[in-house]
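Working notes, structure below.
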Amino acid sequence: MTVNFAVLGAGRIGKVHAAAISQNADAQLKAVADAVPQAARSLADNYHCDVKTIEEIEAAGDIDAVVICTPTDTHADLIERFAHAGKAIFCEKPIDLDLERVVTCLETVDRLGARLMVGFNRRFDPHFAAVRQAIDNGAIGDVEMIQIISRDPGAPPAGYIKSSGGIFRDMTIHDFDIARFLLGEEPVTVMAAGSVLTDPQIGELGDFDSASVILTTASGKHCTISNSRRATYGYDQRIEVHGSKGSVAAENQRPVSIEIANADGYTRPPLHDFFMTRYTEAYAAEISAFIDGIVNDRKLTPNGEDGLKALALAEAAMTSVTEDRMVAVGELPRVSRLG
Amino acid sequence: MTVNFAVLGAGRIGKVHAAAISQNADAQLKAVADAVPQAARSLADNYHCDVKTIEEIEAAGDIDAVVICTPTDTHADLIERFAHAGKAIFCEKPIDLDLERVVTCLETVDRLGARLMVGFNRRFDPHFAAVRQAIDNGAIGDVEMIQIISRDPGAPPAGYIKSSGGIFRDMTIHDFDIARFLLGEEPVTVMAAGSVLTDPQIGELGDFDSASVILTTASGKHCTISNSRRATYGYDQRIEVHGSKGSVAAENQRPVSIEIANADGYTRPPLHDFFMTRYTEAYAAEISAFIDGIVNDRKLTPNGEDGLKALALAEAAMTSVTEDRMVAVGELPRVSRLG
Amino acid sequence: MTVNFAVLGAGRIGKVHAAAISQNADAQLKAVADAVPQAARSLADNYHCDVKTIEEIEAAGDIDAVVICTPTDTHADLIERFAHAGKAIFCEKPIDLDLERVVTCLETVDRLGARLMVGFNRRFDPHFAAVRQAIDNGAIGDVEMIQIISRDPGAPPAGYIKSSGGIFRDMTIHDFDIARFLLGEEPVTVMAAGSVLTDPQIGELGDFDSASVILTTASGKHCTISNSRRATYGYDQRIEVHGSKGSVAAENQRPVSIEIANADGYTRPPLHDFFMTRYTEAYAAEISAFIDGIVNDRKLTPNGEDGLKALALAEAAMTSVTEDRMVAVGELPRVSRLG
Amino acid sequence: MTVNFAVLGAGRIGKVHAAAISQNADAQLKAVADAVPQAARSLADNYHCDVKTIEEIEAAGDIDAVVICTPTDTHADLIERFAHAGKAIFCEKPIDLDLERVVTCLETVDRLGARLMVGFNRRFDPHFAAVRQAIDNGAIGDVEMIQIISRDPGAPPAGYIKSSGGIFRDMTIHDFDIARFLLGEEPVTVMAAGSVLTDPQIGELGDFDSASVILTTASGKHCTISNSRRATYGYDQRIEVHGSKGSVAAENQRPVSIEIANADGYTRPPLHDFFMTRYTEAYAAEISAFIDGIVNDRKLTPNGEDGLKALALAEAAMTSVTEDRMVAVGELPRVSRLG
């Protein structure tokens, strides 16, 4: 079976997914849509496929699946439209910045029995996936404490920050998803600290550039997260899980692994400086998992509920910082109702 | 000048300090005291020195300095006695488990102008000291976020736990001191989580075996601490400081650094499994610093105030866990008054 | 400009190069040839191109370049044919197992002014290339001593060994090329030891499975090479260059970089277990360099002379082992004439 | 039982051994001798022991063992004298620079049944010893190929070079001993290259500053050695043993293990820059082994034969470089006779 695809949104991440689709033997890219016709045309030309409107894609009998890479505020609407159209849906995170909107969107998805996968690509990074596999294999016994360090080389432009929903919804959300992926149990409390340390402009926009979080689960497991929008040494992405029998850690990645020794010491090059090169393999594996799920009729993971729960943790963290207190995830009424 | 010493308490740590004194060209061990005469005798014989009572040491004109290695509940009293006796005092941490008692003890020390150093040995670990030196050298710019991971190979016996004052006063206190040592600014808020994950007996004693903490300073710096009483792979002691221009990390230490490669992978041996072998160099450097401070009439560091402030953070962490809330260090009245 | 390609030989390495060509924006795969029609057909179908005979490719006006991936004993003949046909030629190493035959082939190439690149892919490995770049940047001063460790996970089948020309011509030849690439000066003497340690069958075929070599240059630089046909821990490929101001080393590569710690120690997974996954990036970069050389009319490197000189070092090593003595490269008459 | 010691030679290495003796519970330092009375006096004062002449030490009934740290050209004579005097003898390497003289000295030692240990301290380095233990434990199967890299931070003074016997007898001799220690089989052939790359003055003295060696054993095992008198990054001392089931490597050692990350990359400090700090633990363990051998009447290792065989390999390497050829160790008549 070949899965026929349309990509919605021909920007940076749309291109990544189009490339992944084109290299997958079980998939074919059929159409591209973008509000900017030229962008759609350019991407379509690369892959010898058609430019179509959203409406045409909804109606196209030969399109099985859509990949939603449009701006965040269109995600929930598009998910609902393509749920109605009966297409399998892959949507970049987040579903929406508003928890309530996510809940109503997922109610629609559930009611229609639509297939939805959410783009938490890091679960598919081979190193992070190997951490999970080590846990599943029993290599470290019961998970007890997780450390996630996640730092960007530099902050995104002010325009991006403004509509990002804040550091917890935009950046930490990946870490919240990884925490859930590895804890094997839902976090029930959130304590968070946020600071402006790297760029006053971020503070002026009402956001933070540095954040620390402690999540705890009902059985007492802990996860700490450390975020910064600036790391001079590159894209710092580490995970470490301590368990009853041992620990497992995923190391940072660098494009070139040489070491130069001289009177100043032993120096290895900086890390990847861009998330797209850092997570190249993860993006390809993520789309493969989506295709595989469709072809073999397997449960899609991470799904809408994963998107919702990560967002709920972000909301709880936001509240924790704003109100200087520990927040119970159960305080968020809709989440607990769905939970 | 030779500094003449008496060691009070001939137990495990007393022996370590006695050895350090005997190897220092500027010091001489003159006397040992211990409630158990045999213990005192055995240690004294090793170093060809006298067994004396506390009273004799107070009165001894030829003893310049004492090293207090007796049980915790005797520390504050002994500090006060030897402050009156005009001896230079090195006291193992903590000064007392009760913050109020520490405050009154330090008031006595201050009033008498006594010289007091507190045994936070980790500041003298060559690797941790090099972290501090890197910060001082400007190698990482302004300190922003610190990660401390501190795990013991296994829990102490129940009897020890019972009188330890709890994980925050007994174990995390070292990390609180290191946090203060590296932050360059006092923590003002504490958020902590505590769990019983490794040994139910610890829970029955009202203590935790696993803890996570976030400290924040007035300017918005963060420090996260992760503690566990059990690490199968040895004594896990890592520090990492992220700053505006880079980061610096102290790596774990192992007694033997070989690597065996085979079909199962590449394996290095476990870490040190005991704090006394892990911190051998630190203990020696600590006593050297004490002696150097006396000989050259330099400020002793860490001092009583450092002991007090680390204990205050422990108390705040305890309150945070107990009351499920963020605690401002300023809530502790005596600390703020002294601060 | 688009370079139109034919791939000769649709085996394992032919497929690798076909994939690299298809992903290069400046190239197009036009035809595939193989003695086994089915193999040619299958590869051609993958890339929507034609199956052609060698004769048809020679005659094809729309084919600019050929990639020779056929058995070794056909390489020299095919190079000469396509030199006459005026095509740019990429040929897998070695040009021929017989030094004399390589010399006559290269005389033809030179006389016809044909463009020839030889497939020493390791020069294009990003890590090894970075070692060279560090040298070129002056990071280690003058090159003095090189260590190359090159071990295969396991020996090839007996059938392969039989026609391989022996370990020095088949395996060490890559290391000889890397040695020349990094020494910046031609080796003038060769001392080699060969042993059968891993598989008696290899000895019965008159070959070795373990080899050590010292190369020296006129100015006194040394390069040592260590080869084994068996490494339980994976594809062991390390290079280290020691110079007057420092050293630079390329580390081994593994598909997944996690570390598991427990009571047995700290374990990272084995290395790549296959040269095609180990050198994936190198193969793609190699073909890109070939295309770039054609498009921009740049000197192709490594070229026929590089192939000849690496083979001459292999021959000298063989003589050294057979005659238990140091061999001067200048003893090989044809090489010195061409040199 | 307490072993009573005299140290002959109060220079740098004499001090190291005196300190090791003084810290060993089974030993006591009784006397020090040195041609320079002041040097002897200073060392004796440190350890509250006597200054004696060689003659007095020979005659002293209360001295059980001597540690010979005098200039090399006195070693063989002193060994013979103290063999006659019935003392246990620890002698710094080498016994003599002349193979013939070593042979006659050892004949005396054997005839008198004297106890002699030779100071190849590296066998006692905890990391190198752990490599040997891993081999003994079967962790890597049968030893096949060994790589030894041994580089000094800088060359010794010209005066030292002049009387050193050349790089192979002075520096590589340690590596020859380690090769024998780990191969588990005697080397039978030696191929060596020597160059002057770091300092022309060394060449003017007829010596080399850079050397590469291949040793082979009768069963076909190989050991390669790489030496340089200059390494800007510190004291580079690595050993790697590849076997049928895996490999084991001892890593380099540095005084401080931190890592600083910034835009230039990840940097760890240089290695130890001095052999005495690099091998502190080895020196202490070596003397402990000597004392333990005496107290428990165990075979002393490494002994005179080990000293002889390492020297023979040095001589063979020298011949290999001088005569540009492979040398069979059996060519050296006295060695083969003793074998």
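We call the chains A, B, C and D, going by the order they appear; numbering starts again at 1 in every chain.
FYI, a residue touches a chain if its C-beta (ideal position, glycine included) is under 8 Å from a C-beta of that chain, and two chains touch if they have at least 3 such contacts.
All figures in this text were calculated on a predicted structure; none of them were measured in a lab.
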Problem set entry | Same vs different contact residues, chain B with chain C, by half of numbers used | same
Problem set entry | Chain whose Cα centroid lies at the greatest distance from that of chain D | A
Seminar exercise, completed: For the pair chain B and chain D, the C-alpha centroid-to-centroid distance in angstrom is 41
Seminar exercise, completed: When centres are defined as mean Cα positions, the distance from chain A to chain D in whole Å is 58
Seminar exercise, completed: Shared-interface residues of chain D (touching two or more other chains) are 232-233, 245-247, 261-263, 269
Exercise. Tell me, which parts of chain B touch chain D in their complex?
Worked result: 126-127, 130-131, 134, 139-140, 245-251, 253, 255-263, 269
For this session: Write out the stretch or stretches of chain B touching chain C in their complex.
Result: 232-233, 261-270
Seminar exercise, completed: Counting only contacts in the complex, chain C reaches chain D at residues 142, 144-145, 147, 149, 151, 189, 191, 193, 195-198, 210, 212-214, 216, 220-222, 224, 226, 228, 230-233, 242, 244-247, 324-326
